[in-house]
Amino acid sequence: MHSKGKPLAPEIELDTLAAGTPGFTGADLANLVNEAALLTARRGLKQIGQAELEEGIMRVIAGPEKRTRLFSEQERKVTAYHEMGHALVGHFLQRTEDIHKISIISRGQALGYTISLPREDRYLTTRTELMEELGMTLGGRAAEEIVFNEVTTGAANDLERVTQLAKQMVMRFGMSEKLGPRVLGRSHDQPFMGREYGAEPDYSDEMAREIDDEIRRVIEEAHVTAQKVLREHLEDLNRMANLLIGRETIDREQFERLLAGESEERVFADAAVPPGGGDGKKPRKSRAKPKPYPLPGTEGAKS
Amino acid sequence: MHSKGKPLAPEIELDTLAAGTPGFTGADLANLVNEAALLTARRGLKQIGQAELEEGIMRVIAGPEKRTRLFSEQERKVTAYHEMGHALVGHFLQRTEDIHKISIISRGQALGYTISLPREDRYLTTRTELMEELGMTLGGRAAEEIVFNEVTTGAANDLERVTQLAKQMVMRFGMSEKLGPRVLGRSHDQPFMGREYGAEPDYSDEMAREIDDEIRRVIEEAHVTAQKVLREHLEDLNRMANLLIGRETIDREQFERLLAGESEERVFADAAVPPGGGDGKKPRKSRAKPKPYPLPGTEGAKS
Amino acid sequence: MHSKGKPLAPEIELDTLAAGTPGFTGADLANLVNEAALLTARRGLKQIGQAELEEGIMRVIAGPEKRTRLFSEQERKVTAYHEMGHALVGHFLQRTEDIHKISIISRGQALGYTISLPREDRYLTTRTELMEELGMTLGGRAAEEIVFNEVTTGAANDLERVTQLAKQMVMRFGMSEKLGPRVLGRSHDQPFMGREYGAEPDYSDEMAREIDDEIRRVIEEAHVTAQKVLREHLEDLNRMANLLIGRETIDREQFERLLAGESEERVFADAAVPPGGGDGKKPRKSRAKPKPYPLPGTEGAKS
Amino acid sequence: MHSKGKPLAPEIELDTLAAGTPGFTGADLANLVNEAALLTARRGLKQIGQAELEEGIMRVIAGPEKRTRLFSEQERKVTAYHEMGHALVGHFLQRTEDIHKISIISRGQALGYTISLPREDRYLTTRTELMEELGMTLGGRAAEEIVFNEVTTGAANDLERVTQLAKQMVMRFGMSEKLGPRVLGRSHDQPFMGREYGAEPDYSDEMAREIDDEIRRVIEEAHVTAQKVLREHLEDLNRMANLLIGRETIDREQFERLLAGESEERVFADAAVPPGGGDGKKPRKSRAKPKPYPLPGTEGAKS
Amino acid sequence: MHSKGKPLAPEIELDTLAAGTPGFTGADLANLVNEAALLTARRGLKQIGQAELEEGIMRVIAGPEKRTRLFSEQERKVTAYHEMGHALVGHFLQRTEDIHKISIISRGQALGYTISLPREDRYLTTRTELMEELGMTLGGRAAEEIVFNEVTTGAANDLERVTQLAKQMVMRFGMSEKLGPRVLGRSHDQPFMGREYGAEPDYSDEMAREIDDEIRRVIEEAHVTAQKVLREHLEDLNRMANLLIGRETIDREQFERLLAGESEERVFADAAVPPGGGDGKKPRKSRAKPKPYPLPGTEGAKS
Amino acid sequence: MHSKGKPLAPEIELDTLAAGTPGFTGADLANLVNEAALLTARRGLKQIGQAELEEGIMRVIAGPEKRTRLFSEQERKVTAYHEMGHALVGHFLQRTEDIHKISIISRGQALGYTISLPREDRYLTTRTELMEELGMTLGGRAAEEIVFNEVTTGAANDLERVTQLAKQMVMRFGMSEKLGPRVLGRSHDQPFMGREYGAEPDYSDEMAREIDDEIRRVIEEAHVTAQKVLREHLEDLNRMANLLIGRETIDREQFERLLAGESEERVFADAAVPPGGGDGKKPRKSRAKPKPYPLPGTEGAKS
């Protein structure tokens, strides 16, 4: 543990830490502890505590908070609906991940963020799960469309991830029944070039047209799903987005209790309890959405 | 502050300066103060005043004035109508920016310029606002078409900005309902190559045709809007363009009072009052149009 | 023999070793013996035995075992059906190779593996044999489709091999009657570039379309065959996949006896007998599937 | 002034010199004076006179005279009709430029040349003026077609300029109503690569076809215009081309007087009078046609 | 002669040697003599004899024998039919070359080889001769199809040569009546790049389609011819292929006598007679098939 | 004159030499004199004579004679008809060039050659003359078709020149009425890359198709013309080709006298007279066909 001379508080369990950061490389973990140690020093504490570690994780995942940015009321509102759109579609669709944290505090390049977490390490992903992932990623844009009848530039990163994932489903994982069990396009592993999978076409323009159709069909299907979910839960969307505007950040437990109808006062009265502390449970593993979408094949390749 | 040995006049407020130059990098600000200090020295003054800072800002945005160029009467007239076309379309359409300055004094490569300013810092831009931006940018060309029934080579830069912005709306921000919530084309961030977003196609020629159609539709819509606005305000266009030919430069307050019908004499009688001085108000933030169009996604990305 | 100071056990026959590793280069063999010597040292043995050599072969072919990975029940189940899909299609179709080992113990990037072996060294491959090879490679995906009515990301490597092999049949070996006895696309032998055969098209887009159709037809034919075989042997698939979940690894003899209906208890009661030992027969040559598909032309070129 | 030790004759006015060479860079001017100084030395004169400066200008624009080339009668005749074709179309169409000099004395790579001059510096060019420019450039080829019913290789440079200009009108200046107010194709400013504007397509092949149609339409329109002008003035073309064959070079005043019907004898009787001297007028500004066509956008960009 | 200290046997005639190796470069000849000298040393002989030179030639042409490879009965059978297919089509079609040697002893990458020889040096090749060359090259594949009703990977090199030759006929030698007397595609002579003729297309996709059609037509015609010849001589094919399986190598004289119906015993009783020795005739010039197809234009260019 | 210490014979006129070598660069001339000086030395002469200079010219144009090559009777016959095909089409079509020499003695890469010469230096070339040039270049292939009803590989260089010239007519010289007065494709002057004119397309695939059609039409027209001329003069072709087989080389005067019907004996009785000597006339200027086709635009550009 590179902890810069700062010991970990005795109540910290290293197992919990590792379990809470699936997908982290060794460098990520070192980075995390450094960030936590710096925070500890800045706060004049002697031991790295749970709060410092949590913030360290957030910084590695999404960058430091940018509290100096001043957003307009309208921007805060759009952002809150956008993030809650992700969270609600994810909550109602996603069978294998939980909503871990929702926030409209700007971090890095993002105006807000929603973090979901797998319930366990995954090595195989099904077509259904990838469709749900697409739906959740399009949930932010869908919320903007439904509530404001207008779209903004803010969804650009979501759209990139949706496009890349839909392409992989069609071109790498053989998940288009029409095109059959094959790959399309040549991949390049040269780290220097850094080109994405299927970057170089190896098919006719007619086949390219069919691929385009399939990608469009996949995205359209997920888009319709996201809109359907949010329309069915429009009351929740309005209520929860307004709560998010007020509270700025909502964690997993709060999210679930608020959604279940518990009163805001009661839910946040418990907020003083440290995360994962109140009921003695360990925090669940969190996988941050803002990280580049992992190529499932490297998790679950099999022959 | 790199002010080359010249102190700032005591009445200058640094906050005002920073507020008046949104989007300026540190290097831009250093440049600005250098320009102002040079002017101060050339004018034999001991302190950098408000006038020198204002001119410094203009130089950083649009280059130095080119008063030695001799334009024909016709060129001055075309330029005045062109700039007033930008200003009027911007004024009547633009919900979030004000017209800051209109001029037919040549600066850098430009024969004239119109500067508009956002009322506050923006992190998200809506599709509607981008359509208004397109309309304003096409306002110069539209004025030429309506008044002279002829087009000139002078709109080349406007057309580049219109094309690039329309492409981003369709290919990066998912603002074409027909093509759906996705990105189109691969972007490249390699600073050495400096290629624009979506430079490399990753779709079939059939899809390329649909993209072309959508880009053309977006531009056509904005063009029709710009022409409609100017036809409805043709009297204003004639009156204001002629005032601009006579006065060469019109600032925000003058523009609004003249447009409201106040007499030329009265408006310009106040012109001796230093900019932003007369009513004790600070100058509003100005964002220069001639700067390359910022990628909205870097301002307002959100996940 | 580079055996790192460890002598081979006297009962090891070098001929047997070489015969059991067809396609191994000199470097592969050196690697194999090194791995076996390391294992021998780690196990505190004085002589490299048959077991160490067998494990050495597996490490060279498929990488070291990854027992620390924790798979979910569902992932183990999907993997078992996937591998047994390969094995059964291979068994019922393949005329020239035997199933050597089936395992759901993760090695390298793979969650499981199936190894088949040619009955003798091959220098020529017929179109029929390549179609069977395609069918066996698609057997894993076909099993997932039939049993779970769902596909996963786990077949990505299989799909790459299927696509590359189907391309070679059509573009390099003249095995499409429609396109005739010719090659299509230029190959590149430059080792630095490392591009695959037929990487650069040298034909019209119309021809590219016909090539796409032929490749799709070849893959579709193999896919239908694989599904047909598994549907006809669905009972075997269910029974054998469940056995594999329990036993984790099944070797050639066990596979054949279990498939023939012998009881699990009896088959595995013999498992203490060392591989290839019980009946005094030498192990058959094994060719590992996970190795990149060899270009048949370099084995069997002829003029 | 780099005049190689040769003083300028006292009657030379530097203003006149600069005014007569619009578009000349500093290097061009230095070159001009060097050429004039060399001529002065070769002619054994002590001062650089008007004649030497005029010849210096011609050398910088079109290269040195090539009097050693021996042309056939037919080649001289074709060249005379070609140059007079340029001059007459330019004269009857061109509203903003005058014919400055017409010659069939070979210079550099050219067999003859026609120089026209703008009446004042221009920063904006209208679509109409560009169409006239196209017409004048096609006038040489049109004269060959009409008179000899045959075309030659001699128009290659004209055709390059016509094509490049028509492309810019359609692709850079938004002068095709059909394609709308936008740019087409990416430009490159990298000086090392030196690629022309719009070198890299960024549109579908369907759009490429529409661009081709528009370029062809623009060129066809100008071609028809040039032929129409020459057919209407066929008598002038025959008379003036024959005069040019005899006299080899005709200047602006001679051209206008001959065209107006004055007798050859009377017009050339005055030819002893030095250029621009006879009536005390300064020579008009001349812009040489043979220079590469300037990108209007760099002269008249405006925003 | 680089003969590594080994003298040539006195009966060797250098003229014969040179005559027997048309197309050999100086380096090829040096290589040949070195190989022969090595063999001579290995065989403990003092002089390089005819046998050593013959083997030297074979090594330069086709690589060393690979007797350690163990082929299956089926592979030997397929190879024998394949080589005899080349030989018989060549024999019955080829007007200007003789069959020099047929063998199923593996050399280099090849499982077997057939060598034909021109009866004299050639500088011009007719379309008819090139069609015959195509037919002979496809003879191996055709024999597999007819006899085994199956194709193998073994014809890959033949298919490459067929494709390249058909392309040259259509694209370089103007031998497609439909496309006319012209070349198609740009050639590159840069030795570093080593690209083949016509590597870079310089035509529309429509033209590319026509070129594809013509190439396909040429190959199809030769394929049909090869099949027709072998079907008409199926008895010979069966008889001769079986003789080749038994004898492994058949030379020109044996081939012709066996084909003429002489008994196997009698033909091979003479085999002790050294090649080209029995009847005092010199061996005819042999041109090896396995060498890359020479560009006829460099042999027979003419203007 | 670089004459390697060998003086020119006094009867040599340098003017004649220069006049006889139009298109030669300084380096070509130096090369010529060196070759002549070497020959003079080899022949033991003291002065460079007319014969040595003539041979020097041929070596520079077409390379040294290759008398060691042994051609078959059929090859000599095909070559004679091919060269006479060039000569007769050239003679009956070409209005501006004479046939200078016809030979079936191999030089450089060529099996034979025909040299034609312009009657004077040319700076402009008409479309009609280029069509005649195409016809003459296709005359060799046309003769093969008519006489042998078969084509050979020997015309490859002719076809390259035909293709390149037809492309220039359509793409550079605006000689296709359908495509209009414009250039097509970007040219590259970079000497290092050495790419031909119009190497890079700048048009749609539809336009590419039209260009292909026009190129094909131009070549077809010339091909038909060449065949027509030879069919009309088939008797001459047979007679003259047979004379060429016997005499190997025929010069301009012999060609014209033989064609006019003078007897072989009488024409060649005069052959002892040195070239250009008998009638005291100077040799006419000769331009060698085998040199790469000059871009007419560099000879006759005009603006």
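Residue numbering begins at 1 within each chain, and the chains themselves are lettered A, B, C, D, E and F in the order written.
As a working rule, a residue touches a chain if its C-beta (ideal position, glycine included) is under 8 Å from a C-beta of that chain, and two chains touch if they have at least 3 such contacts.
Predicted, not measured: the structure shown is a model, and the values here were computed from it.
Peer 1: Given that subunit A and subunit B are copies and touch, would you call their interface same or different according to whether over half of its residue numbers are shared?
Peer 2: Counting shared over all numbers used gives less than one half: different.
Peer 1: Using CA atom averages as chain centres, what separation in Å is found between subunit B and subunit E?
Peer 2: 74
Peer 1: What is the distance, in whole Å, between the centres of subunit D and subunit E, each centre taken as the mean of its C-alpha atoms?
Peer 2: Once rounded, the distance between the two centres reads 64 Å.
Peer 1: Mark out which residues of subunit C touch at least two other chains, giving numbers and ranges.
Peer 2: 205
Peer 1: Looking at which chains touch which, would you call it a line, ring, star, complete or other?
Peer 2: Contact map by chain: ring.
Peer 1: Take subunit D as the starting point, go toward subunit F, and spell out the full loop of chains.
Peer 2: D, F, E, C, A, B
Peer 1: Would you mind writing out the residues of subunit F in touch with subunit E in their complex?
Peer 2: It comes out as residues 69-72, 75, 78-79, 82-83, 86, 109-114, 138, 140-141, 148, 150-160, 162-163, 166, 196, 199, 205, 208-209, 211-212, 215-216, 219-220, 223, 289-290.
Peer 1: Touching residues of subunit E toward subunit F in the complex: what are they?
Peer 2: 120-128, 130, 172-175, 179-184, 186, 202-207, 296-303
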